[in-house]
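So, here's a batch of structures to check.
The two complexes that follow have chain A in common; it is paired with chain B in the first and with chain C in the second.
Take a look at the complex of A and B:
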């Protein structure tokens, strides 16, 4: 993607509270460039509750509503229906939530909103743990990863919850996975989500230097490696269409390279890495990527 | 104005319709269900121009109400018991966000064990939130209170909880005067909030606040509560002018010369009045104080009503374990600085729908001197 194609307008103010190298901040900046000023953000408890700035300041140039942890999709349903009642059905009502607020505590409200075909866009920036409370495990934490509540690594009996397919099984208008490390893919998917009508869901992989134990300069590289090793697959499903993988590297790199960059995986032995690699291969085969 | 025989739930739905809310998110629970069934029907057949959101839980009902209200439209929801408990976190947020949501709660016990019958545990345990609370005696009062609730809530930017006793009010037929839409519109103007989610004037709501700001915001809620008496009074006057029905913060029955006063909130008022008539026939000077507003708590009016040489029996349908009935607590507190305090009996009269008959109240009055005023009193 040519950076000159990126809109010159900024909806994320300077001086937000994201850590250096935080992909959650970067993702919001670019998402809003697509979504534009007819957008309202509904935000449950997460790192973003802090990134957005404290009263009386705000990091965003669009209306923002902070809401309790478990409630984003339900609040957004209320907001969207109210806009429709007011004769403003075109507003983008967007949930912006972490993986904890999406995979765990907020899941019921999301399922409800998706099943009701609420005309909202739900974005989950997935940094694979409860970062705001100090890096605790969520059901998005990958097997093997260190967190403060999985001090010896997230046990291999677990698998990261398959949010894409959970949402896809609700027959939404649009569901996709992407990451800002691939701006073409990211922009295209936000465009599609914006232009579709009904329940739309975007799952973003979102690196977090303190939580992933990486240097902030490696923040984007880590997300790129996640895609290039196949541990994170960028895909989408538009309405009734089949699931489509939107990016396939010429050759998948070994997941070891992705792990090597991150302190949260540094305790993994060869055997464990092989088990995880096997799982990745199995999934990639299932998706016809291997 | 039109007269009709209605179930309490239907009367409430009529009141809601007359208030013209735009969004009604709700989740079914006995004994609230009739209310939302009627409202669904009204929105489906176009009688009420609003969106009914069939959310998947009460947590989401409260959350969707919060969102709709923050978007700037009039919002109603109804629940009961476990539903109200499940809403608790969001009920706090609605107060903090200063959103004038109106909620009807059909009072019902909370488990364990399961019990669908009425007591006031559900709403009494939500008393510290910053929602206004009114307990209704009749279906007419419930209908009227809904219009008043929107009027007051929108003036002071605080949410309003209207209580009816489950089944006793919700499922009983009563003759009700239904205001015309014109009359209702005259009483309740359209909702025009000053601040809402506005893409032409973007701002953040609920952003993290440090202690100093947070403290001020909470203080302003209390100041609003204290100042709300003026708005409530104004609403009552306005209501009486248009509908010719008079309401107050409290109500009384044969109180002036009473030597024994029962303090009651909710539909139990009716039973107690009959008991008082029986007692009066036997030359026992009994009377009644009805608590209509529990939040804000009308201390001044209550002290005024109960002063003098009276024995006061407070009927609670909830209990704060390890302390006393919540209504008793409030009345005791109201009298703290008064020189002359009534003798107060703290009665937990009914929980989980335990029936209260006229004889129970009559017997109780005849045995007052044997009762221990230092303890919570329980029936056999």
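Take a look at the complex of A and C:
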């Protein structure tokens, strides 16, 4: 991707409260570049509630509405319908939620909005735990990962909730997984989501330097490794079409390389790593990637 | 259901009671969070170090890709006044060092240089200004002498070139055959240098040892690059310039005397030697419609000629007799040569197996190297360079020698340390400590941004076509292929405004225009710009 061709217009203000190297701030910056100024953000409690700045400041150049934890998709549905009534049907109403507000607390509202075919975009930036409250485990935390509530690692009996397929089974207009570490893929998917009509869902992997226990400069390379090792698969499903994997490396790297970079996995023994590798291989085989 | 107007439910007054943001987060000066800060520092690419003349390769490729070929040509010629020549005959030491070599093959810098160099042929240099009344004599108008004269003239010195032939260029004109280097290309680059001004040329001036002492007294400095003008021939062979020639003598004769070339047609000729001259001579006479045999005392693999020359020569039908020396010549109507098979060579001493073979040829060419005509001592006024100083080497090394000596002369005449030159003149010598350059190695390249793509393959004229005449062997690739190849350049250590740092800055603190600007008021010092920079231009440094 030629970065020189991307518009210079910015919708993210300087001085936001994101930690150094935060991928959530970065993802928002580029998502808004695609979605444009006809966008309204609806935001449940999440890291981004902090990043957006305390009253009376805002980190965005577009309207942003802070809403209760469980209600993002429901409020967004209402906002979208209000705009339609007002005669502004072209507004992009976007939910911007973390994994807590999506995988755990907001799930029923999402399911309802998807079922009603609400014309909204739901973006989940998934940093794999409740990061801003102090790194507590969520149902998006991968097995093995350390959090403050799973000090010996998230037990292997759990599996990361498969949000992509949960949403896909609602037959939405568009559902995709991506990460800002692959700029082409990120831009293409937001472009598709913007142009589709109906319920659209994008699951972003979003690294968290303090929560993942990584150096802030490695936050992009960590996400890139997640894709290159196959622990995170970038895919999409448009309307009635089949699931399509959008990035397949020549050869998947061992997941060990991804773990090695992050302090939250440093306690893992060989046996556990092998179990996780087996699970990844099984999933990749199912997706016809191995 | 009828829709409800929302201002019936909530009044304007109610809305004012809502907590609404009235200002931006720009009030938070997040720069205070920082422990380390990004620092923009361009570094040296390994190719520039590999090039004896230290051409700033990534920089001119960057300008070429920006559609600014004129600037590209100027950057190239700031370091090397012979880009079109070097694009053809240089073995490209730069490509040996290319970081891409261990990834998917070196960038074909040669083709890019040739393209830019050819474009530059028609761009005259800016007229040189006279900045001092000091005068320098340059002995020898070959690549080393011309290069020295160019850099001196550019820096405001008055130069006089003494050349013993009646033309400038030395080997570029009479040594390298035109199927490798078309004469008009070399001629144009030479003319460009002379037309720049400050240079006086004296042709047909042979400088002997005694004459050199005279010149030393009338000039402030003398650069001697007289080359290796004496032929080195085996003891048992005598040149007669009728049937037995030296390699250069024959090339000179063929290039200046058309009827002589006609006379040779159809003969059988043997060439002794394994260097570039031997192959050049052999391939030249092959093109005149002769049968040629190269006789070399070692194996072809050991021959010092460029690999490309050997391969092309074989394609064209050169016959090569390896591990053989001429032990006896009997001059009759033709030349009867007795070849001895070489067993091994110990300390340059040839040991024969005893096996012999007789061949009959019309003429014999000896291309076994050159030697100095006379010995000169370096002193505070005499500077030595080119083949005369370092022995028979490549054109680019001669150019580099001329350039280095030009700067040595300037430093000497102005009583300054050697590495004082400003950025424009030589980017590698612009810093005080020559050893402190940061060279970007392969590990510093962020490979994610580069797809594997094999290097450009240059098409060549088919061997059958080649031997019919003196057309250039290497064909010019199409423009889009050149640009594609230029895009393969990692641009190691040189910012090409790819904006990757800008893209990955979460804090909107980077502006890319003629380099990279950081907004330190808000930069949190995360280091993503440094980690993601594909070419190692941004470093994180401690922020005090």
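We adopt the following convention: the second predicted complex is superposed on the first by the 290 of 290 C-alpha atoms of A that agree within 3 Å, B and C clash if a C-alpha of one lies under 4 Å from a C-alpha of the other, contacts with A are read in each partner's own complex, and residues count from 1 in each chain.
The rule is short, and it goes like this: a contact is a pair of C-beta atoms (placed from the backbone, for glycine too) under 8 Å apart; a residue touches a chain by one contact, two chains touch by 3 or more.
This structure is a prediction, so every number in the text was calculated from the model and none was measured.
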Check: Between chain B (first) and chain C (second), which, if any, makes contact with A:109: first, second, both or neither?
Finding: first
Note to self: Is A:220 touching anything from chain B or chain C once the two structures are fitted on A? First, second, both or neither.
What the structure shows: second
Notebook entry, point to check: What is the contact status of A:85 with respect to chain B (first) and chain C (second): first, second, both, or neither?
Noted result: both
Notebook entry, point to check: A:55 contacts which: chain B (first), chain C (second), both, neither?
Noted result: both
Next item on the list: Kindly classify A:4 by the partners it touches after superposition: chain B alone (first), chain C alone (second), both, or neither?
Entry: second
Check: Who does A:290 touch here: chain B (first), chain C (second), both, or neither?
Finding: neither
Notebook entry, point to check: Where does A:23 make contact in the superposed view: on chain B (first), on chain C (second), on both, or on neither?
Noted result: second
Check: Looking at the overlay, does A:156 come into contact with chain B only (first), chain C only (second), both, or neither?
Finding: neither
Note to self: Based on the A-chain superposition described above, do chain B and chain C contact any of the same residues on chain A, and if so which?
What the structure shows: 52-53, 55-58, 64, 82, 85-86
Next item on the list: Please give the residue numbers of chain C that touch chain A in the complex, ascending.
Entry: 3, 6, 19-30, 33-34, 448, 497-500, 502-509, 519, 521-522, 524-528, 530-532, 540
Notebook entry, point to check: Mind pulling up the chain A residues that touch chain C in the complex?
Noted result: 2-4, 6, 10, 12-23, 25-26, 29-30, 52-53, 55-59, 64, 82, 85-86, 183, 209, 215-221, 224
Note to self: Applying the document's contact rule, which stretches of chain A touch chain B when the two form their complex?
What the structure shows: 37-40, 42, 49-50, 52-58, 60-68, 70-71, 73-86, 91, 108-109, 111-112, 115-116
Checklist line | Interfacial residue positions of chain B with respect to chain A in the complex | finding: 22-23, 25, 50-51, 53-57, 59-73, 75, 89-90, 93, 197-199, 202-210, 213
